[in-house]
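Please find one structure pasted underneath; my questions will follow.
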C-alpha cells in the first residue's frame, strides 16, 4: 500500500486474531489483515462496532496476543517477541483512548502524571520541563491546568493532555482509539486541529481508529475500511474518497447524516438488516448478506484485496484488479 | 472568568463535612477512651493488680470509685489499663489484616490467573469456618497468649479485605490510565502501589475501620472464653468473663467492661459510617431546597454584613 | 400552524452534592403541530433536562421546575401526578438513548408493546396482542409472530430501538420526545432508525421533539431547530435558515466546527475556552466569555429571544470594527424567513426587543 518514498513504520502481515469459544465456535475478530503505516502519516481505520478495528490497534501494540500472522515494527517482527523484551519496544508506541476522563489517574495532579513517565524513562528534570512546555504550546493549555486534578478539567482539555502525554517520550507510533468519539463537535474540532498540528510539528505516525467517515477523511492520509474483521477497501484517502467502490463503504458514507445535504436530494443507500457477528462467518464475502448488489460468486468465494487504481484497493468481486466494473 | 458577579452563591467545591453531630460525639467518646488508656498510670487511683481481699465486692467508695472485684482489685483502674490492652489488640489485629490482605488482594486482582485462584481458594477455606472457631484452632495450635490471639484474629479477617482489594484492583486495572502506564514502561510494582492502591484507599479505609470494631469485639470474645489475654492482665473481655461469675454479688463487675466495649465499638462504627459518607460523595444526602435556600440566605447576609463592616472601616 | 407545546420561562434547578445546578434558565420554546423539532447543543447544555421536564420525569425532591409548559393549552406543571400519568405515554411519549435499558429484560418484547394498549385503552389481552403484532410489522420487525415472543437480549441494538419506537407510538400520542435516539447505534443502523422515525412521523402526523448533539441528524430529519447553550436557547428557527444564515455566533461556530467533505487537512473552526459550569446565575449572555464579538452589553444583560429579520454576516464583526449595527443595508434582512428567533446583542433583533 505504501508506494511513497517514505519508509514504513509499522505493518501487519496476514494478521489473524481468533477467539475460540468453549462450544467449538470461533470469533474471527481479525481475519487476514495486512496494512502498512508509512512514517509521518496518519492511517485511518474506519468501521462499525464489532468490525475489529480496536482489536487491530491492540494487536499492533501487542496488548493482545496474536493468533497468526506478524506485526513488523521498524523492520523487526515483534509478533513473537517475549514480554520482557517487548517493554523496550512498547515505549516507542503510545496510545490515546476514547474516554479522556479515565485516561488519567484521578488521584494525581496532571503535572505528576506527565512528569513521572519522563523520570522513569531517564529524562532529566530540565529536559522534562522543556518537553512539557513545548507540547503545552501545541495543545494551547497553560501551566495552570497542569496543577489541577483530572476531574477539574473538561473532556476536551483532558484529551489534549492525553495526546500530549502520548507524545512525551517521542514515540515512533501512536494508536488513537476513537479519540474524538466521546466529545462534542466543537471539542472534536479542537482535538482534530491539535492532531494535525502535532503531525506537522513532530512528523508523528498515527493509527487513527474511528467510526466516523468524515473525521477520517478530514485528518487521515491513508485509510482502511473494515467490515467483520477484514479490510474491504483501502488506499490513499484522497483517492479512495473521490471514488468509493465497495458497496459497504458507499453505504457507510451515505448513511452519515450530512449537514450540507440537509436531507434533500441525496440518494441514500439503506442497508437492510443488522451487522452480523464475526462468529462462524459463512463462506464467501462477509458482506454478502447485506450487500445491495450481491452476485452468485459472492456467496461462494471470499474476495481478496486487489489494486484497482494507483493508491486504491478493494475487496469485491465486482472490481477485479485494475479492471472493469462487472455488471450484475 | 465569568466577569461581574455580585455575590457568589455557589457551593462549588463544597466537599461536604466529615464532622456531623453523630461523628463528633463518636470521636469525643473515642478520644476519651484513648486518653484514659494512654494515661492510665497517671490517672488510675490504684494499682490494677493490687489485691485487697478486705474490699472484695465492695461498691463504689472514696478509695475505689467504681468498687472492687472478687479479689479486691480496683475496677476503675482495671478499666483504664484494660482499655490499653483492648485498643492495642484491636489495632494490632487490623494491622495484621492490612499487611497480609492488601498485598494479597492486589496481587490477585492485578495478575489474575493461577495466583488469583490459589489465594482466593485459600480465602474460601478460611471463610468456610466460623471465624471465632478458626481463631480458637489457630491459637490452640500456636499457643495461648495475646500475640497469637492477635495473629489468629488478623488472619481470620484477611479474606474480607483481600476480596475487597481484589475487586477494586480489577476495576482499576482495566481503566485506560493503567494501560497508558503500561505503555510508558512502568514496572508492575509501581503501577500497583503508586497508582492503583491510592485509588482504592477510600473504600478500603472504611472496611478497615469497620473491622476494627469487630476486632475489638472478637478479641474481647476470645478473652472472655479464655483464649486471649491471660489473667491477671487487665482486659475488658477478660474482665467481663470474670464478672460473669459474680453477677449476683456485684453486677457492675460485668456491666462496666461490657459498657466500655459497646461504647468503643459503636463509636468506631459511627465514625466509619461518617467516613464512608465523606469519602463517597454519592452516598451523601442532598439538602432540601428549603434548607439550601436558608443556608444561602445566611451566607448572603453574612457577606453583606462583612461588606458593610468593611465599608464602615474605610469610611 | 398551531402550537402543540409551549414552554414559557422554564427554569430547572437540580440539587447536587456540589451545589445547586441551574440546568435550564428561562427557556422559551414552541413546538408546532406535526413537525420534527430538533434541540441541539453540547453536553451539559440542558437539552435533556428540558425534555425530561416536559414529561415531568424529574424527582421532585432534588429537582425544582419553575415556569410553564403548556401542552394543548394545559399547563403540565400544574397537573396532579395522577393527571400527568394519563398524559405520559398517551399524549406524550418518550424514546430513550439506550434501548437496552429502556425495556424490561424479563418480559418478552411483544408483551411490553401490548401492555400499552391494555393500560391506556383497556383492551383485552388478545386485542392488544393483535395490535402489537401490527405495530411490530409497521416498525419493520419481521417476522412479527416469532419476534413477538422474544426477549430483549435476543435483539440487536437497532432492532430494540425499533421496539422502543413502537411502544412510543403505540398509543398514538401527539408528541414524541426522542432523547438522543441514535447515539448508541452504528451509522448504518442509525440511518435505518432515522428513516423509520421520518416515515412514522408522516404516517401518524405526530410532532417529534428530538434531542441530539449531532447537527447531521438535525439536518437530515428536522423541520425546526433550537440551539441550546448553558441552559438557555440561543437561537431557534427553521432548519434551512439555521444552517444557511445562523445569527448567533455560537450556532455559527458550532456548525462550522463540523468536518466537511472536500476540506481534508484544513483547520477546523473551534470555540475557545470551555462551557461554563452551571452553579452560578450570570447577568450577561452565557456565551460572552467565549464569544469573539462580545461587547460590554453582552456581559451586562442577558439577551432575549427575539424575532430576527435576518443577518448575513455576524454583525458583531461590524460592531467590533466600530460601525453601528444600524448601518447594515436593509436588503440583508430578506434572506431569512419570519419565525427565526435569536438571542444575541450583536444582531438588530436583540436591540429591538429591548428598545
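Chains: A, B and C, in written order; residue numbering restarts at 1 for each.
Note that in this section a residue touches a chain if its C-beta (ideal position, glycine included) is under 8 Å from a C-beta of that chain, and two chains touch if they have at least 3 such contacts.
No experiment lies behind these values; they were computed from the predicted model shown.
Between the contact lists of chain B and chain C, the overlap consists of A. The chain with its CA mean position farthest from that of chain C is B.
Note on interfaces A-B and A-C: more C-beta pairs are in contact across A-C.
Measuring from the averaged C-alpha position of chain A to that of chain B gives a distance of 50 Å. Put simply, the C-alpha centre of chain A and that of chain C have 32 angstrom between them. Across the complex, chain C meets chain B through its residues 13, 15-20, 61-62, 64, 273, 276-277, 279-284, 288-289, 299-300.
If you check the complex, the residues on chain A that touch chain C are 48-49, 154, 156-157, 184-190, 192-193, 196, 211-215, 217-219, 237-238, 241, 251-252, 254-263, 268, 270-271, 274-275. For chain B in complex with chain C, the touching residues are 1-5, 8-14, 16, 281-282, 284, 286-289, 292.
Across the interface of their complex, chain A is touched by residues 175-177, 179-186, 190, 195, 198-199 of chain B.
Those residues of chain C lying in contact with chain A across their complex are 42-43, 156, 158-159, 186-192, 194-195, 213-217, 219-221, 239-240, 243, 253-255, 257-261, 263-271, 274-275.
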